[in-house]
């Protein structure tokens, strides 16, 4: 008798659960990332938000630009989500930095991207520090040097024009405007860095993103807390870094928002350094200023000057 | 209807669906033996140990699956030998061994200079990165494992139920036990794509455990387990697409949901429902 | 000092990841005669030494595990159609003896012949082992279990046929468990389970049936049922050898009794064998070998 009752309840309950699940699924916003492109606008997928900002500056409103690595996430160790894969699958042009920034991308692209899609590798032909041979991984953060950023912009415009010749003229004029802005940015940075007393021009960052910037503007790169992306520093390495920081009287440790601040804070207190500031490099930020490349660089340089000039 | 078809527009999602369905199938079939013969811990151990094989293969630049498979099979046979030989708790011996091998893998990985993205995929699975060669490998190995299970169906059943009598009947129980461990190792390697080392034990155990609640027959258990395994793989993959979440975890959680449903509605034991109804009856009787 | 030799004997191996719980491993402290294995007579294979009405012939057999003897100088003869009981304390080698006869354990010395062939090589021997390694939660029905009795003779890919299924049904009838054919094996009582296992070994219609502790932990109804059907089978010509540590049934059921404590203490009809001396020699805790028992031992060895 009881068994009958139990059997009786089994099916209605299962149906209820099943319909709740089904209803829940369908009422959710269809994620369709770039799944319904507005007419025939070319879809561009850039790997990181910083580079996507440069692409957006050149594309204007003629192409639709998405960035794969979300804002606030480190690109070197990123694991793309299903939605990211769909975005890459829909892209007509894929813009990657190369030089080891997105090691996860190649296998994904083989699996997912449209056959014959244009993949623009921005660091091709550029002097990548630490690369054993051209095309090999090294230090990929060339875009933090505004002069290299100009080279990026140039390549982006060329690629966009190849993919979408109809709007080549628009891309060309956007390119000119952006390069002009970058030139202005470069001289602005130069004057600002000059306000830092020469002895204070040392930078200790979380990972080795600022090497090119430091070289361009005459700052001494003391080292990075993370010896290589995703690799935890050993005790010996940290000790050497602390000694170096003390010897050079480093004024500030620069953490980055895509990483946990704990390690940076620990190192600062061990080395007797008061300031720990945040720098944006691999990723944009969430405030209005941090939505463009220039905005990000302004914010970063202000932060650097403030930390080191005191 | 559209939400069923939309993901299938992408070729890589179709491949992922095929791969996870096959993996769900083979895991749930082999999982029946894992559950009934208490091999869950051993399965977890083999999965962890295979990680070292994968890292070593990576360092010496040969096929990661081959490296993992070799270490997995060796570990499986080694565990089998230890379990038969020693009189100390085999749980302890197995636990010591596989954690040591896994730690070796972690040590080797920490010594690698650059970041190794591929290896992370093996830890948690990433069925969306399955390419054409992977599909062929998964299909081939799944068919192979299922054929072996079919061929040795009654022998494995007998040897699992009553090993002493099976041996007395002339069955080579040691060889069968080793065969099962090898099948388990192969299944685990095949399934690393979908669930990764951390989750593959769940894929092995959960569908079969759910099936055990629902039937008293061995062939029934295998069929129900396969149905739950395949169903969880499909539903889990769709869930990962729409929730934008890691596919390994959604598949495992779907299977777990099935398990709790099976537990609640199990005809075998006094389910929650039965208890509630019985309690009500008692109250009614007492009120008279 | 004798060398410990490694002998290539088959282990009775459970083949599953669990610590072996075979009683036969236990070495009883009672018997000082146990020693490291010394080769008296290397194992020989001879063609049909015994006469056709001999079911089991055992001469000077010794056997054990990992180089240690559990059985030593065992000699006896069982004729066809006899119902023989083997008694002895725990660890005395009763199970080991059955395993040797069943062909699961190779003796290290002596000569053993079962139904005119070396043990394990001929057909017609049924074996009902102890059930401590059975996986009771397995989802198999009573009928499934009985049908397993034919698996040994089928090859790979072959399924049991209609004739096999009829034989299984008949065996279930014989043990009186036909009504339980659909029940899951773990749901039955100990006695009912034992009857099912006996049915399993009857499916292939054996000429010799070996049972290891068939009534241990079994309720009276099932005990009676088992012994009754065994008697029936004996009338139809089956030879039966059963071990037991329950002395109450020994006198009633068995034609002959073998008192075993690593060696044969006595062998013969219950009336002759079950004397105070032999019983204390078999089960006692002191080491003296009483002269009467020694005489019985000698006579049993001829």
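Read from first to last, the chains carry the letters A, B and C; within each, the first residue is number 1.
Basically, a residue touches a chain if its C-beta (ideal position, glycine included) is under 8 Å from a C-beta of that chain, and two chains touch if they have at least 3 such contacts.
Nothing here was measured: the structure is a model prediction, and the numbers come from that model.
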Name the chain whose C-alpha centroid is farthest from the C-alpha centroid of chain C.
A
Per-chain CA centroid nearest to the all-protein CA mean:
B
Centroid from C-alpha atoms only, then distance chain B to chain C, rounded to Å. What do you get?
40
How many Å are there between the centre of chain A and the centre of chain B, using C-alpha atoms for each centre?
37
Whole-angstrom distance, CA centroid of chain A to CA centroid of chain C, is 76
Chain B residues within the chain C interface of the complex:
36-39, 42, 79-80, 83-84, 86-87, 89-90, 151-152, 154-155, 157-171, 173-174, 176-177, 212, 215-218, 220-221
Which positions of chain A touch chain B when the two form their complex?
2-3, 5-7, 9-10, 13-14, 17, 25-26, 28, 30-32, 35, 76-77, 79, 81-83, 85-86, 89, 100, 103-104, 107-108, 110-112, 137, 228-232
Given the complex, residues on chain C that touch chain B span 12-20, 102, 104, 127-131, 133-135, 137-141, 144-145, 148-149, 151-154, 156-157, 159-160, 184, 197, 200
Applying the document's contact rule, which stretches of chain B touch chain A when the two form their complex?
3, 6, 10, 12-13, 15, 110, 113-115, 117-118, 120-121, 126, 128-131, 238-242, 244-247, 261, 265, 267, 271, 273-274, 277-278, 281
